[in-house]
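Starting off with a structure, shown below.
Chain IDs A, B, C and D follow the sequence of writing; residue 1 opens each chain.
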Amino acid sequence: MNNKRKIYAGGYFIDTSVYKPIRRPFDGLVIGEAGFAGEDELETAIQAALQTEGTMADLPVYKRHKILLDIVSGMEKKRELLAGLLAQEAGKPLRYAEGEVARAMQTFKVAAEESLRLPGEYLRLDWTPAGEAKEGWVKYFPVGTIAGISPFNFPLNLSVHKIAPAIAAGNPVILKPASQTPMTILELAGIIDQTELPKGSLSILPMDRQTGNKLVTDRRIKMLSFTGSPVVGWKMKQQAGMKKILLELGGNAGVLITGSADLDLAVAKCLIGGFAYSGQVCIHAQRLFVEKSVFNEFAEKFVAGVKQLKYGDPLDPDTEISVMIDEENAIRVEDWIQEAVNDGANILTGGKRKGTYIEPTVLTQTKAVMKVCSLEVFGPVVTLEPVPDFTTGIGRMNESEYGLQAGVFTNDFQQVNQAFNELQVGGVIINDVPTFRVDHMPYGGVKKSGSGREGLKYSIREMMEPKLLVKPIK
Amino acid sequence: MNNKRKIYAGGYFIDTSVYKPIRRPFDGLVIGEAGFAGEDELETAIQAALQTEGTMADLPVYKRHKILLDIVSGMEKKRELLAGLLAQEAGKPLRYAEGEVARAMQTFKVAAEESLRLPGEYLRLDWTPAGEAKEGWVKYFPVGTIAGISPFNFPLNLSVHKIAPAIAAGNPVILKPASQTPMTILELAGIIDQTELPKGSLSILPMDRQTGNKLVTDRRIKMLSFTGSPVVGWKMKQQAGMKKILLELGGNAGVLITGSADLDLAVAKCLIGGFAYSGQVCIHAQRLFVEKSVFNEFAEKFVAGVKQLKYGDPLDPDTEISVMIDEENAIRVEDWIQEAVNDGANILTGGKRKGTYIEPTVLTQTKAVMKVCSLEVFGPVVTLEPVPDFTTGIGRMNESEYGLQAGVFTNDFQQVNQAFNELQVGGVIINDVPTFRVDHMPYGGVKKSGSGREGLKYSIREMMEPKLLVKPIK
Amino acid sequence: MNNKRKIYAGGYFIDTSVYKPIRRPFDGLVIGEAGFAGEDELETAIQAALQTEGTMADLPVYKRHKILLDIVSGMEKKRELLAGLLAQEAGKPLRYAEGEVARAMQTFKVAAEESLRLPGEYLRLDWTPAGEAKEGWVKYFPVGTIAGISPFNFPLNLSVHKIAPAIAAGNPVILKPASQTPMTILELAGIIDQTELPKGSLSILPMDRQTGNKLVTDRRIKMLSFTGSPVVGWKMKQQAGMKKILLELGGNAGVLITGSADLDLAVAKCLIGGFAYSGQVCIHAQRLFVEKSVFNEFAEKFVAGVKQLKYGDPLDPDTEISVMIDEENAIRVEDWIQEAVNDGANILTGGKRKGTYIEPTVLTQTKAVMKVCSLEVFGPVVTLEPVPDFTTGIGRMNESEYGLQAGVFTNDFQQVNQAFNELQVGGVIINDVPTFRVDHMPYGGVKKSGSGREGLKYSIREMMEPKLLVKPIK
Amino acid sequence: MNNKRKIYAGGYFIDTSVYKPIRRPFDGLVIGEAGFAGEDELETAIQAALQTEGTMADLPVYKRHKILLDIVSGMEKKRELLAGLLAQEAGKPLRYAEGEVARAMQTFKVAAEESLRLPGEYLRLDWTPAGEAKEGWVKYFPVGTIAGISPFNFPLNLSVHKIAPAIAAGNPVILKPASQTPMTILELAGIIDQTELPKGSLSILPMDRQTGNKLVTDRRIKMLSFTGSPVVGWKMKQQAGMKKILLELGGNAGVLITGSADLDLAVAKCLIGGFAYSGQVCIHAQRLFVEKSVFNEFAEKFVAGVKQLKYGDPLDPDTEISVMIDEENAIRVEDWIQEAVNDGANILTGGKRKGTYIEPTVLTQTKAVMKVCSLEVFGPVVTLEPVPDFTTGIGRMNESEYGLQAGVFTNDFQQVNQAFNELQVGGVIINDVPTFRVDHMPYGGVKKSGSGREGLKYSIREMMEPKLLVKPIK
């Protein structure tokens, strides 16, 4: 198969001097090659973006709407291709790859609808005599060229969360996808290229980190939207100069299961939240806390469920769990499990590694300082601990440097209120896992987990700047 | 004492040919006389209002804000006087009369703050090529002269709910207070008269119903805001022609107490909700439904509490319950209790009448068709019935032609959701009685209980009309 | 041709005892027959609607969205058929009929998008100690069964403005189309019938006025949305009882052309605004006022333009102007022109009638009391008058019992402000005719022109009722 | 006079080892001494702030409202004292000092009102089957301890723009005032200390820059709100780590006066905008561009006005212009004027320095690269240049690295639109100078002028973090 994909720079597919083979993490098979951009191609993309800033800002919203929906139509025709590419390059079981394609389409649809609703405000200015006979109108204008940097774990949808709002807001955008997973998003580039999106307003450039760092430091770029690891993200913030920056980083999300919970629902949801895509998810349900009265019942059912998760090739529709993105990460997770066990943790199930595969693993008797608790494990590992009561559980959940989302299973109204008020996170999910996300909801973290919110309405607003008109009333 | 109060027409206190004595319902003592407007005075008020429409619409918001806060200051200086007048003319225990004065001041304060925040909207019009290069701004303009008609039970605050939003919105207003209780509001007229409110933009006119009906039918008046009985209100709607109409009518509010409730809290709240101002409150907690598992405990505590309510002169600070507004109404309530007993109801406590006083009464084994259940009792009567489960309770609450507010005592999250979704009312109050109201919240009913919402932000919006400006973007 | 269309009652096409022939106003040719509902069929429809109220209220918004977009897809496939039917039954030139089909599709699209955005509010309740530790959430719930009554002039899109927001809001709807023009909307019924809209939630029933009046008076129907004549509309308001009522009535919209205007633009727009669909448009540009400095130039160009309007069969794509809806109306318009001429008006062009055709007519030297000025002419007649200055022009525009929209051609900023503040209308259109409408903008009149606003977001809100949840913060 | 003021740390006035004399820039007279905090006192303040985070977050909004209004009452009683201190320590003419006190009171008033309106949002989550039966509520929670750093030019009101929104939002705040002007704000500390603001939630600490830098770098502080110079501000952004940062920096604001402008209004406004407080204002009207058709007339009137500005002691009520903050800055401005003259600029009036006084100066024939054009002059210097047409004028205005506000004098509607769309600033002021500000409007810059917006509603939102609750609908 000759699956060689060019970079998409300034509105054109361009040949570059560097191509890298892309392999299936499952078995190392090469599924194609992807071009990588160098400094020149990046400069081409930046120049093209700058030149389309005015065109994009002036683009009538019905055209933005149509472009975004035309992308959805284009994706609809290539659903299978996109899902297959994604499953293979990311090692993501097909069921989840298909889900991601559907979500990416939804992300574009929502962006289409939001493009019509760019915000504005009216305010009386005559609150004091100084403002007598004056009123104000606020409109939001696109900030200018956006840089997006996206990770390997949702190679399609997390990239789309940069591209779609930029188009809706009227901004050009340059996207750097993860180096491991550029194929699906370059396929999308071809789909977008067929729409009436003004040429030059989109570039998709696989790059090495050093080259890509210009997206962080270049002053002509007005905003950086980064999804990735906390360490990298916060460092970018320092280097970003005057540009706006939106950071969607990781976490070690907790779940609290109480005595009033529907346990079967909680088990079913935690199996997904804990092991979907081998836990390589920002809002992976990593730390489960269970009220002691129901701990044993929950633990038994949950471990039984984990043991039944079906391992296999990501392309097999029956596969529920497959490999990790690469062996380096699998070894890291293996080491963390070992560290925990050495320090007293018990393995309830799983724990072994085979190449890039880590068995779905449940640990108990862990300590908060262990890496599997305190850091983002980004692997198929879940800790399971009893808590004496609800308030203690909330405290354990908050005992983290991160704060993305949290799940709470309860039917107690006071507990729902307490969880919402006290959990130090961006989102509290009642009767579901922290892994819950629909693409139009505000999404983002506190503490080390990030800064700013995605979810189309929110990311669009981050990509715009308010401007006030002060005018006479009469 | 020479407590003779003139009507306030077109910005001036005017002598009229008719004065009526105002008596204390508690003992029939005359506390003063109030002027009553005839057709001529009403016409004077209407003319004055029409002439100030432009001035009011153009009044800078900082002046509206100052006027409204100056009224608060003026009331602050006369708190005791106002509360005393109110207690006497309405037969309202002083503690509640003082509470009403405080709330009326708060209503003006909230109106002051809302006056600064008159709404406006921005919208892109280029959703289709037909709107290309166009955008829209929406501003809200005052509708013109407002008529307010208010009832005896909150002679001050329910009148203020007409006056305050009208000023904030920039509308003149003509208020017809209840004939039994004009003294407090005419005292307020004197306070308002000392502010910089443009002369003519406010009239306060006690009138007989026939004279006052012109407020309903006159085409020069652009909106009618009525608080009173359902029968009268809905008839006004038919007669109101093209004018806007806001109806705040009555109800027979229900409370549902479940097994997960804090029973002591529920008892304490129901004593207030059931018997404050002898139940002469639109959101009087009239029908109590208690899950059978806790029915006996609740009933015992509640009846014990009712028996301890202290009866007395409304001016006595210790008085918790006093008389009804007049003997006619007391007799009506006595008849309704009798009808219920004749048809099988049991009196758990109370039930007797002595002049204008009806003892605080709790009935059980009632039927839905009895007047004490199906109509608005507007007296110190509460029905108390067990229900087998929550869903049945919700059904019983909804078994009413009215729908103002409802109270639900529960700590079950699913029940909170169910109550909010299913109760056919304007407001669902969790862990408190339906009698709960703060003056900035949206307040109003469905079914026969009314149309539209008060609460300053909401009533201000009802008193304004949106206007769209379509303009070129460039 | 056997073009016999059944009514659509309770989700099914039903045979009725009455069928009426539908004729082309252009030449009287019968294009088909339409069933007319009697009392029984109406009762069937009401029963079906009531039974689906719960289903509709609970319908997840993604299903509402899909249903609404599926209707758009269905219409896309039948664009030509719909436009042809519409052109013929309404006598509307094909270009405008096609435009109406496109707009009706857009109306459904916008409704789809708005269905996702049902409003809600958050409010702190602890503005006073009385609300301490409490907060409120407001959600909007569908009101219940909606009745829609729509006119002949936009038989498709004005009906869709009843149906689409009802579906988006989660309400069943019963539509009575105009008796002259039921064919297009019954064709639409077939399209909607193919979607997953719950059976029973839509009925489309041609009826005579007497039968249809039950939609106004029946208490089970919770809201009436009426588009039609002011006389009929305001009478309905009196008969409507407790139901909500939205009235979109007529007007005699004005245009003001100033010395700073782009005259060629003004002429081009006024030709459309004045004569599209023979002026049978609620926001027909009926009264043109021109600053005297540019009056002669404008008049000359405008009259020249009117003379070139191409008359013909509505199905002819070149036709710009065709017949009126029926001879009765054509005779009425002829009489009004004659009345004006008898009282001193001059005909600048047009003025003659031939069957159902009235020539496009421009009158000058009219007086405000003439019917062609003071009433809604709803025919191809425009009055053209000079005004000495802008402020006088605004006054003349406001000299009307109606107030739907107004157009102002100017480049003077102060004049734009003045027009927006002073024109007594629902919408002020700068540099375009009052006839401007896109379907998502707030649309509706003041004075005799109506009550409430359409435009999807606005009509959806009218079809919903707010409900407040008061809850503990903690 | 023994005017020795202690720092206010953690809710207490504390003696420190360092006191610095505060002098009148006008004549060098010492008006008192101010304590300066060292590392220990700062740590005390930080600890106190952290300990009150929970208390502040839980403070009922009616208490926040009362505290903020009590501060206003306290200031009312000390208006003269505050204005006198301010005039002397800042060298600000009394009329402007009094204005600033009034504005600071207004800032607290607006904060009081906004404290009641903390935002919240409702959203349906069932836009896709993945969100079926779920809905979301968003509330905003205070971020935690805020650091404020404020400049000398508005020592009171720009400090209050840090303190007031922090209290409204429920955050503790530590303020570092400018070292030259700590007296007025420490006087305010005494006023605030008398209210019920929880002890520890406010500290006001004069500090040297090195000590104060901990406010930028300390991770326990969750947000930094800085008003000051661009160079300092952007460097802080790099050092701020994960904390939120709001930057209100400087500019070189432009004004564009067109042929359709009211020239007398423009002259009067530009005299204020150009020379109020000797141009030491972030939105000082520094660069005037005048359409050539009216350039001579404007220039003549403007220069004549500048010549009449009355110089004197800031405490003299007649004084219109006084000294600069210190001689260092006066010399800098003198040098910039000289540089311009050397490079070809003409002085139309002024240009000389005498100690800390710089004459009000108007330059023409300047070049864009001169410091008086390209940098923030922050002194009584205005450049005045003709432009051939409006579009060129807009271009010249945008020829700046800054973008705070801009003023445009015109009555041309198209020009108003163009200015709003094209000017690269945070606020476009029509028919007034860029110096226009009322304290509730969104205020802030683009380009080098800053990041984020103040104006109470906006700064409060910056000081809060959204949190989403995902819950079952039923």
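The definition used in the following text is that a residue touches a chain if its C-beta (ideal position, glycine included) is under 8 Å from a C-beta of that chain, and two chains touch if they have at least 3 such contacts.
The shown structure was predicted, so the numbers you read here are calculated from the model rather than taken from an experiment.
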| item | value |
| --- | --- |
| Maximum centroid distance from chain A, chain identifier (CA atoms) | B |
| Between the pairs B-D and C-D, the one where more C-beta pairs touch | C-D |
| Distance between chain centroids, defined by C-alpha means - chain B, chain C (Å) | 37 |
| Centre-to-centre distance between chain D and chain C (centres being mean Cα positions), rounded to whole Å | 50 |
| Separation of mean Cα positions, chain D and chain B [Å, integer] | 45 |
| Of all residues in chain A, the ones touching two or more other chains | 116, 123, 127-128, 131, 138-139, 414, 416, 421, 430, 440, 471-472 |
| Of chain D, residues touching chain A in the complex | 102-103, 106, 110, 123, 125, 127-128, 130-131, 134, 136, 138-139, 141, 234, 237-238, 241-242, 244, 416, 420-421, 423, 425-432, 436, 438, 440-443, 446-448, 451, 453, 465-472 |
| Footprint of chain D on chain C - complex, ascending | 60-62, 65, 116-124, 126-129, 131-133, 137-139, 410-416, 430 |
| In the complex with chain B, residue positions of chain D that touch it | 113, 116, 414, 417-418, 421, 440, 471-474 |
